[in-house]
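In what comes next, subunit A is part of two complexes: it sits with subunit B in the first one and with subunit C in the second one.
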Partner chain A sequence: MTNTAGPLDSFRGEFLRQPLNARRVAGALEAPGCQRRTVLDAAAVNLDKLGSLVSGLPRDRQSPFALTRGNQFEQQVVANGMAEIVSLARRHLGLEIPEVRQHDLSASALREAYPGVTGTRMNELRVRLTRQRAEEMLTEPSQAYNLIRHAMTRLDFGGEIVYLEQDVLAFAVDGRIHVVEIKSYPCIDGRADPTKASATVRQTAVYVLSLQQLMVEIGAPPDVVNTTTMIVLPENLSFRPTAVTIDIDMYVRRLRRQLASVPQAAEILDGIPTGTGLPAHPADGASADEVAAAAMAVREALASLPPRFTDGCVSCPLFHHCRDEAELHRSTARLGSAVAGVCGNVTDIAAALDLAEGRRAPANASEAAVAATLARSAAAARFAAGGLA
Partner chain B sequence: MVFMEAARDLIEVVTALRNANDALLDATMSGDVAEATRLLQHVAVLERRRNRLVHKSNPGVAPSTSSYESSVPLRDQVIRALQLTGRPSSARLVSDVTKSRWAERVDTAKLSYLRRDEGRSWQKSQELPGRQARDVYVVPALTYDRFTPVRGTVALSAWPTGLRLIAPLSPRVDMLHSTVALAEEASTVAGTNYEAPMMRLMARLGATIPGVKPFGAEPQAVIQAARAELKEIEETDELERSEAAERAHAQLDAKALLFGTQIRAVTSHAAGGSR
Partner chain C sequence: MNALHTHQALLAAAERRAVAKTTRRHVHLSPRPLVLVGYHLAGDLGAPLALMWGTGRDEEPRCMVVPEPRNRGLRFEALAEFAVEFLAYLSQFEGRDQAGICLDAPQLVVPNTATADWLGGIVGRFTRNLRTDGDAPAPPSVPLAGKHLSFLADLMPGSSLVLATTDALTTHWQTGQLPSEDLNLAALLGWIDPPAGVNGPEAARAGEASPPAGPDSDPNWDAQILAELIQEWHAANDETLRSAVRRELEGEIREQLAPAWADCWRALDCLGSLSAADHVLGRWQSDRRSWTYHCDRVAGGRAFFRNIPTPVQDATRLRILEARTEDLQREMAWDDPLVMAAAVASGEALAGRVVAADPERRTRNANGRTVRRPLITIEPALEFARPAGTTLFLSTNPGVGLEVLPSDASGLIRAEVFKGANQSTTIGLLPNLGDEVVLSPYGKPEFYQRSRVEDIPWTHQQIIEDDPEES
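Let's look at the complex of A and B:
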């Protein structure tokens, strides 16, 4: 499990570390096949700091007002014995009336019972308690808790232990565990912002996967953890909670495949020159020269890690850097995933244009296929332009 | 002599205040509404003047609280709200109830201080035999397995132990009981200024009970729905709570029975942190 930690740690060197969370693991789904991102994630590099250092732009932070609103909504939803969750889980997850046994595993709640336990020890304690509660669900379902607030599970991401905190776990006595996620972006006329909704789905998939792994650990079938999850959102422009259920099985399976390929991060590192690593992050009061030197060192280190630039990259903190790089190399990836897909293994924009205009003969069968598609498109574009003129 | 002058002013104001208060008493007794209203304002003006004079000559005297804050002490606010809900309540519910029923603000941030003060006060009353113990203390609700305080949930010491323990079903059971109590209270304050906010609070809580419509539910409908749900879960909850209460009485001393098991340094073994 820790055999990858060595080279990855030395790659990160003195650069700032940031423990992984569900959101970041979900990022692995957004950038499939990106070796650069995989290595940086597995090495637990602080991506926000890295991104703003290398691009010279401050990273957009979530507005404090949005954060406050999110917290207020979550507080309201779980207030009074999770009254709103109880009501929504009965309606959407089919929980029975007596299935309201509840338990709070939040760090702040456990601090009352376990004073002085903090940090990783608190996380481990919560993981252990979550495991016990899950075992109770399997051995004595009618005595087990039905709603667990802030359960915590672990996930192995390329040797890095990620602690994941689920908003609520809902357990039906007939043997189903559902993940409930509380978000504060509005659900207007039954529809939520698709970008935000898909981010939530990917994040929730990480929770489901780690819970399924927990089930396997305690010797239960993983499908006890139902892939149908409940997302709680404010209804329209009010603060009243509403819920939608989504089956995220596809995302969970995709994530599982991707996680299985993560340990290869060490192999990627094997392929790059030894001694390649990130510099120390410049101190707060560092001069412009020092910052520039650090940014240059970061660029050199990143250059040895092959990126895969796609449409999903927009949410990555390194987006600006990778985009500029794609532009510099005149890569077809810069034009979007659709164009890059059409161009196949012709990755250079100039080469693709030459093929389209017939200035260069295709070198092999795959290039011939690309050339035919591009030539047809070029003819259509000429016709359209001519027709308009 | 400035000091003498200030003292004379103060005596004058206090005398005027006493007269005004006497007159106010007479006006109220005789039912002269207009006169009582005028005198009430006059008294308020005189009181402010008196306070200014006292502060000028003795800057050390603590200023009275701002008129925007409630004059009811936090402790009394909490006890009053808990007597109304009748069950262990979150700080949030205490604050909501106080706002709806008495139109006052509760400073929930100070609740943890209150809890600590209550603990100290109780301790003193035990140590000094001459000291009168209070009738009731604001205590934390306790978990039913380890008897540790439940975060942000308060109860009254006068309640039976079982009621102060939170078993798995208790959060829901207590919420339903509180909703019934609030619905009954909403009916009794009908026709007053407090009716509308009480109805809103009751309807908000009631909306999560099966069979209650989401907006504008009537108190009677909410009470019936809550009792119907209670019928299914209350028996188990009472059993779990009373068993836990028996264990608590067998294991805990008087203080822990009210304020929870003593906070102690937890070893890494007990916390399960080191491996």
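Let's look at the complex of A and C:
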């Protein structure tokens, strides 16, 4: 596994690094089969900076108001010894929690006990402590901490070790571990925004998967981690927390399959000319020429990585670049998955229209099928416009 | 995605301009619409930041701003300002005809469905039951406006009481970009109506650069402008300073919302360039009826809305939704040859020329009686692969029902009339030899009393685990 880190690191070169987090790992689910994104993720490239450099547009940030509100809600939920969480867990997860022994593994909480530990060492320390606490949870359930905050787990993403902070809490009751996730978008009359809810589910799947891998490491069966997770949301427009439980087993399994295919990132890089890599990110005060040169070098490096443009790409930081590229190549993918699906292996818009109008004879059976569908549509439109003449 | 729309998307991309999906307009356009755009504070649906509205494109739109959206008092003060004018607009539609139906109904025009959902589902939902007595009472206009917004949040397919312009435009035009990009009104208009000398994709890029149409504001603007102004408002300690900050904020917000406001009018112009389809008026009449019914409920103090519908209500609603969706599809296809072409392209409908007709044909039915079953033979313009026994209707006269008969090797389609043109009085409705016809799956709906949903159907049963005593 560690040998794959070489080519990926050299691909990233001097460009800014951004350690992967759960959100970004979950993003892998949104761009299935995109080799470009896979390599950039595995190489831990700072995608936001890359996207903004190559498109020349300012980076999309989160509104300060949304951030403040999110933090406020989380603070409120965990206040008073997490009484709210405990009562929600009793009600929604059906857990009997006779007593709560909680432990905070956040960097700020540990700094006191371990002064001078920072960066990767701090992460490693938190991982080690999380592992110890988890072992205790399973071996001495009556003594051990049963509620852990800000636990840190690791996940292998294409040879890159990803540290995941479970902002999330793990309850250990009856020998099983339950994951709780806190989000700040509202649950209105029992329903939450489906787009946000599905993003949360994918993100929580990353946590659950990493916990399952931790269980395997310490020799416990992975199903000790319950895939029924509890998501805590504000009820309606208030700050009062409410919870929904959802079984995310399907997403965890899908994520596991996808992660298993990630090490191919190194293989993808094997297929491109050696020496291809990203330039250094221009410094803050860099001149326009320097920025343009860097953007050009990034475009060249990206050109060697095949993208897969689909409907889900809108949320990717490289969207604008890939869109321009798809447009330049006159690719049917530019029109979305539905159109690309109908056009099958005819990936060029002009070629597809030529088939539709009969200007070109289909070269093989699959082209013939595409031609038949499109020619039919063209004929139907002509018929509607008044006769087939 | 329909095969025809796929082809149209390819064409749009090649021509760099949106392609018409319809030849006529399938929404009603009011002569007095209320155009409304707005923002809420990021991450806080319940905190309106600004609303901008008006009924004429040439007039200066009205603008409501909340200098501190998280302050409940200020929020209701501002909402009351909007509510009073909103109610004044709605009150123009109270006049009734002899049958007691309102002569006209209001029309709310918003840039996108997200804004419509926010206004109805959040602003309406959380203001309709506010108390106007007791401690910290809300101004009475606010809950009343909330009731109206709640009514407008819960409309049926085919209704034009609320027009979400991106929705209306994508019904009528196909762009050459991702479906999710069509949600951006400015970009969508770029494809449909690019300025002279600019192609669709270029105009769409230019549109993307303009401030968002709401209800979410631009996060960069939030950080750079709004955050500072809210801080200034807090720092201002007397009325003059505060109103100065408020004016500055209003100026900034007008600048952000003005493009969306103008785009809504442009969208109405695009839609207005098409002639109304025949069934639009009928659907608007049904809108007028539901508006009348709603007004009666408000006047009678019976305008209640359930936050969480009961399973029976849900099931009933689903049943009506399904029926209305089918009605709309059917009516659009009847009214518009291009919409019908989509059904032809997908193979559901048969287009062709009548090559033989036997109006006098008689056959024996299952009961042994001789019945008149005129036969027409059609040379299909496009291959028609639906099996014998498929029921189709004449597109120009949907009362005429035909059944496809087993085909022979000739490639011609034979269909016998089983209703609508099989009597001496109606036989004239049969198409003539040589006519181009379309037989579609869209027949005239049978009118019969719809049965009420009384028991909870299995689709809406809730699993009750807590109560083992029951069952």
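Here, the second predicted complex is superposed on the first by the 371 of 389 C-alpha atoms of A that agree within 3 Å, B and C clash if a C-alpha of one lies under 4 Å from a C-alpha of the other, contacts with A are read in each partner's own complex, and residues count from 1 in each chain.
Quick note on the criterion: a residue touches a chain if its C-beta (ideal position, glycine included) is under 8 Å from a C-beta of that chain, and two chains touch if they have at least 3 such contacts.
In this text the structure is predicted, and so the values were computed from the model without any measurement.
When the two complexes are overlaid on their common chain A, residue A:Arg121 makes contact with subunit B while staying clear of subunit C. When the shared chain is aligned, no partner comes close enough to touch A:Pro194: not subunit B, not subunit C. More subunit A residues lie in contact with C than with the other chain of the pair subunit B and subunit C. Using the contact criterion defined above for the overlaid structures, shared-chain residue A:Arg330 touches subunit C, although it does not reach subunit B.
Applying the stated contact rule after C-alpha superposition, one finds that A:Tyr145 touches subunit B and leaves subunit C untouched. When the two structures are aligned on the shared chain, A:Val86 is found in touch with subunit B, with no touch to subunit C.
When both complexes are overlaid on chain A, the residue A:Gly285 reaches neither subunit B nor subunit C. In the superposition on chain A, contact of A:Pro273 is made with neither subunit B nor subunit C. Of the residues of subunit A, not a single one touches subunit B in one of the two structures and subunit C in the other. The touching residues of subunit C, counted against subunit A in their complex, run 1, 3-4, 6-11, 13-14, 23, 41-46, 121-122, 125-126, 176-181, 201, 217, 219-220, 222-223, 226-227, 307-308, 337-338, 340-342, 344-345, 347, 351, 381-383, 436. Note for the complex: subunit A touches subunit B at residues 75, 79-84, 86-87, 90, 97-98, 100-104, 106, 108-109, 111-117, 120-122, 124-125, 128, 145. By the touch criterion stated above, subunit B contacts subunit A in their complex at residues 90, 92-93, 143, 146, 148-151, 168-172, 174-175, 178, 205, 207-210, 229, 232-233, 236, 260, 263-266, 268, 270-275. In the complex of the two chains, the subunit A residues touching subunit C come out as 58, 60-67, 69-70, 184-186, 188-190, 236-237, 311, 313-314, 327, 330, 332, 334-336, 338-339, 342-343, 349-350, 352-353, 356, 373-374, 376-381, 383-385, 387-388.
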